[in-house]
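Below: a set of structures, written as structure tokens.
Consider the two complexes below, in which chain A is the common component and chain B and chain C are the respective partners.
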Partner chain A sequence: MLETDLSLNDMMFLARGAGVTLLITAISVAGGTLLGIIFGVARMNLGRVVSGLLAVILDVFRSVPLLIQLILANAFQAIAGLGLQPFTTACVVLALYTAALCSEIVRGAIGAVPTTTRRASRSLGMTWTQDMTYVVWPMALRVGLPSWIGLVLSVLKDSALVFWLGIIELLRSSQILITRLQEPMTILLIAGAIYFIISFPIARLGGHLERKWREND
Partner chain B sequence: MFDYTFQWRQALRYVPDLMDGALVTLQIAVLSMLIGGAIGIVLAVGRTAQSPWARWPATAWVELARNTPALFQIYMAHFGLGSFGIYISPYAALLGGIAFNNAGYLAETFRGALRAIPETQTRAARSLGMPPIQAFRLIVVPQMFRIAFLPTTNQMVWAILMTSLGVTVGLSTDLTGVTQDINARTFRTFELFALAAVFYYVIAKVVMLGARLLAWRLFRY
Partner chain C sequence: MIEVENVHKSFGALEVLKGVTVTVEKGEVLSVIGGSGSGKSTLLTCINGLETIQKGRILVDGTEVHAKTTDLNKLRRHLGIVFQQFNAFPHLTVMENVTLAPRKVLGMGKTEARDIAVQQLENVGLGDKLDVYPGRLSGGQQQRMAIARALAMSPDYMLLDEVTSALDPQLVGEVLDTLKMLADKGMTMIVVTHEMKFARQVSDRVAYFHKGILAEIGPPEQIFDAPQNAETKTFLSSVG
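Our next item is the complex of A and B:
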């Protein structure tokens, strides 16, 4: 099993796949977090009807498999004649998926800030914006950040599904190598190790932050 | 834009086939949760054990399951085992992959729940004369399930969504597999997968609702 035909070029191929995985994750998480914060804050401040409607729409993204969402979005952009690249489609779908999950985290985090604290800041004459930036943001961040790190990791792992649209990310590139070299175990182990090396330290950081911040509460 | 005629009627013809697929999906999800839950309890206990021989493998399983994509785990079951000359069906590969994944996540859920149960509960049970196994089974586990019930339900929904990955290893009997199969024959991609999405949504909602009702029946004082 230790003998392998894997060449340096093949390793570079895998590394390039890992780069695509990281790029898709970064774009989707950036866009999704921004949208998620907007949706989360909107849901806490808009009327019951609007916020309920938004909740139902966002819930769809969490109740339908990501693979189906990707296939649907890709079929839709073809029907609508948008002519999007698969990479763009994948990023849009993953960003919306991230936004749906992130809005829940944001809501939970803002909800964890005691109402009395917010009333106190408002009665000191702070505007709603000041209250949000100087009081709610620092307090909610501590509550929400560990879950947000968990979300980033799940997006990183779920980004493997974009191969269905023909994007060659890490797992897909390992499949291509397997087809050529017929060494599934070795190559899959390497791909898995790359995922693990990226994911594990971030997971540890999340756990560390969670533990460290709980001590002060 | 939109010079395309939606053919919903054609897709709706296949609803009975999708129903059959939905049943297989549910079956895989339930089985994977049962297997994953059973292994999850063992892993949760293993991770808190004194002996490194129990702690190490359990920790390795949990970290592997949580830090690699579910798709990778299914690939390992399907293609990885192949290099040892073990060839299993797509169904078994999917079930094995999801069960492995569930076990890792459920182990962490259970571990958190176990920590929340006061040590005094075990000690009280032991001083009543129960052997350790009995104290764990009759006193600790029921309380653990009560605390872990909601996260476990969420994991069940994740398991249902994960079954859609079976199509990547060639499974054609579950909901996504059936849909893809019909899609290959009719090319009504959007209509068919929109229908499948509705199916998944309804299944997920029904499971969540069922779990709420069950929790309300089981866990009220």
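Our next item is the complex of A and C:
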């Protein structure tokens, strides 16, 4: 085994970093998914002009590298005197980034529900909301879930970029330890393993649901 | 009573209904035949308000379908429609497919909706498939489920849009038998169909559509044995 000077305290330090990573990811994914669903549905139902405008705004969040977004947002909030904590700024930026990507998944998934199926449900007297709730949502969920799981996993890893705002999450904690202990291999192996341990259940949950749903087809 | 008065319907520059007028009385079975693109399917989707119309009007029991004040969701409870594609809700069991609208639209209780669904599904011969998902059913079974689903709303009218066209030939019979049973029970129906033999057997009247116009309408004996219109003659000789 590798010889190491890592102490229990250092491990706790890494664990706290992992906790921050998890928290930022959870908040961003929750907020971003909610917004993504709203934006995605809105884009399919609002007029051409509003929908087009929304698409351009979301495209900005999708196309500009996350690192640039984080640094610019942090600078702007300081100039505007909003006095936001870096943690808050990071969550807002990551959530908007997630929302932009999620809205495309939502659009694709809803678009995959056959028009004829929706006509059938409306023909039974169901309102738009009932059609969306009982027919479109469950059908779209099956289509969009794999991409959404992919999105969650990528947000989890991308959240490492928030260390540029001075937030000590998993990657930043490992860096600090590497600087002190000069054991990059060991520490990065451990950090990598923690990322994997967090990701693995999420990926498996997706696979489990897909299998369960496929049994019905 | 369904009254269609001088209805014009266009998709962009293409006019698919060019002033159609026809009345369907309570208890009547009207079959609509004609070549593809003759506008016969569009007529059905106009009647239940899935499509807008450009001119004319359609009345269902006196309610104007395309009037701004008409609550289409409410009106559609009286108009069952079954499409060429079966349009099963794939994530729901056969039972759930049938009970969804009665429960959510009519606010029916679980037991009541279930009782009605069981009865309707037994009538169409699916009493043993209640908890099966539609993906495991044959096309004919899915289409019979779609019929039961529409009937569970206790509609006053049934609109049937080429319901056997997407079926393998050996499955057509079971669906047509279901429709015959409905006709015998006195259900008012508009049946868009390519099944001439069926149209002759169950219809009170048959309407022949040609290029968006109701070219000829009359009792099956007249349409099939002594068509007055030259286009009807040509069409019927082409389908044998």
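In this section, the second predicted complex is superposed on the first by the 200 of 217 C-alpha atoms of A that agree within 3 Å, B and C clash if a C-alpha of one lies under 4 Å from a C-alpha of the other, contacts with A are read in each partner's own complex, and residues count from 1 in each chain.
We adopt the following convention: a residue touches a chain if its C-beta (ideal position, glycine included) is under 8 Å from a C-beta of that chain, and two chains touch if they have at least 3 such contacts.
The structure presented is a predicted model; accordingly, all values stated were derived computationally and were not measured.
Chemist: After aligning the two structures on chain A, examine chain B and chain C and state clash or fit.
Modeler: Fit.
Chemist: Chain B or chain C: which reaches more residues on chain A?
Modeler: Touching more of chain A: B.
Chemist: Just to be sure I read the superposition right, which of the two partners does A:Leu177 touch: chain B = first, chain C = second, or both, or neither?
Modeler: So A:Leu177 meets neither chain B nor chain C here.
Chemist: Quick check on the superposed pair: does A:Arg122 touch chain B, chain C, both, or neither? Answer first, second, both or neither.
Modeler: A:Arg122 sits against chain C, while chain B stays out of touch.
Chemist: May I ask you to decide whether A:Asp158 touches chain B, chain C, both, or neither, giving the answer as first, second, both or neither?
Modeler: A:Asp158: touches chain B, not chain C.
Chemist: Quick one: is A:Ala100 in contact with chain B, with chain C, with both, or with neither? Answer first, second, both or neither.
Modeler: neither
Chemist: Looking at the overlay, does A:Pro65 come into contact with chain B only (first), chain C only (second), both, or neither?
Modeler: In the superposition, A:Pro65 contacts chain B only.
Chemist: Taking the superposition as given, does A:Met185 touch the first partner, chain B, the second, chain C, both, or neither?
Modeler: In the superposition, A:Met185 touches chain B alone.
Chemist: Taking the superposition on A as described, I'd like to know which of chain B and chain C A:Tyr134 touches: first, second, both or neither.
Modeler: second
Chemist: Compute the least Cα distance separating chain B from chain C in the superposition and give it as a whole number of Å.
Modeler: So the smallest C-alpha to C-alpha spacing between these two chains is 24 Å.
Chemist: Mind listing the chain C positions that touch chain A in their complex?
Modeler: Its residues touching chain A are 45, 48, 50, 73-74, 76-77, 79-81, 83, 85, 87, 89-91, 100-101, 104-106, 133, 135, 146, 149-150, 153.
Chemist: Looking at the complex, which residues from chain A come into contact with chain B?
Modeler: Residue positions touching the partner: 1, 60, 63-69, 71-72, 75-76, 79-81, 153, 157-158, 160-161, 164, 171, 175, 178, 183-186, 188-189, 191-192, 195-196, 199-200, 203.
Chemist: Contact residues on chain B for chain A in the complex?
Modeler: Where chain B meets chain A, its residues are 1-4, 63-64, 66-72, 75-76, 79-80, 82-84, 157, 161-165, 167-168, 176, 189-190, 193-194, 196-197, 200-201, 204-205.
Chemist: Within their complex, state which residues of chain A touch chain C.
Modeler: Those residues of chain A that touch chain C are 114, 116-117, 119-127, 130, 134-135, 138-139, 142, 213, 216-217.
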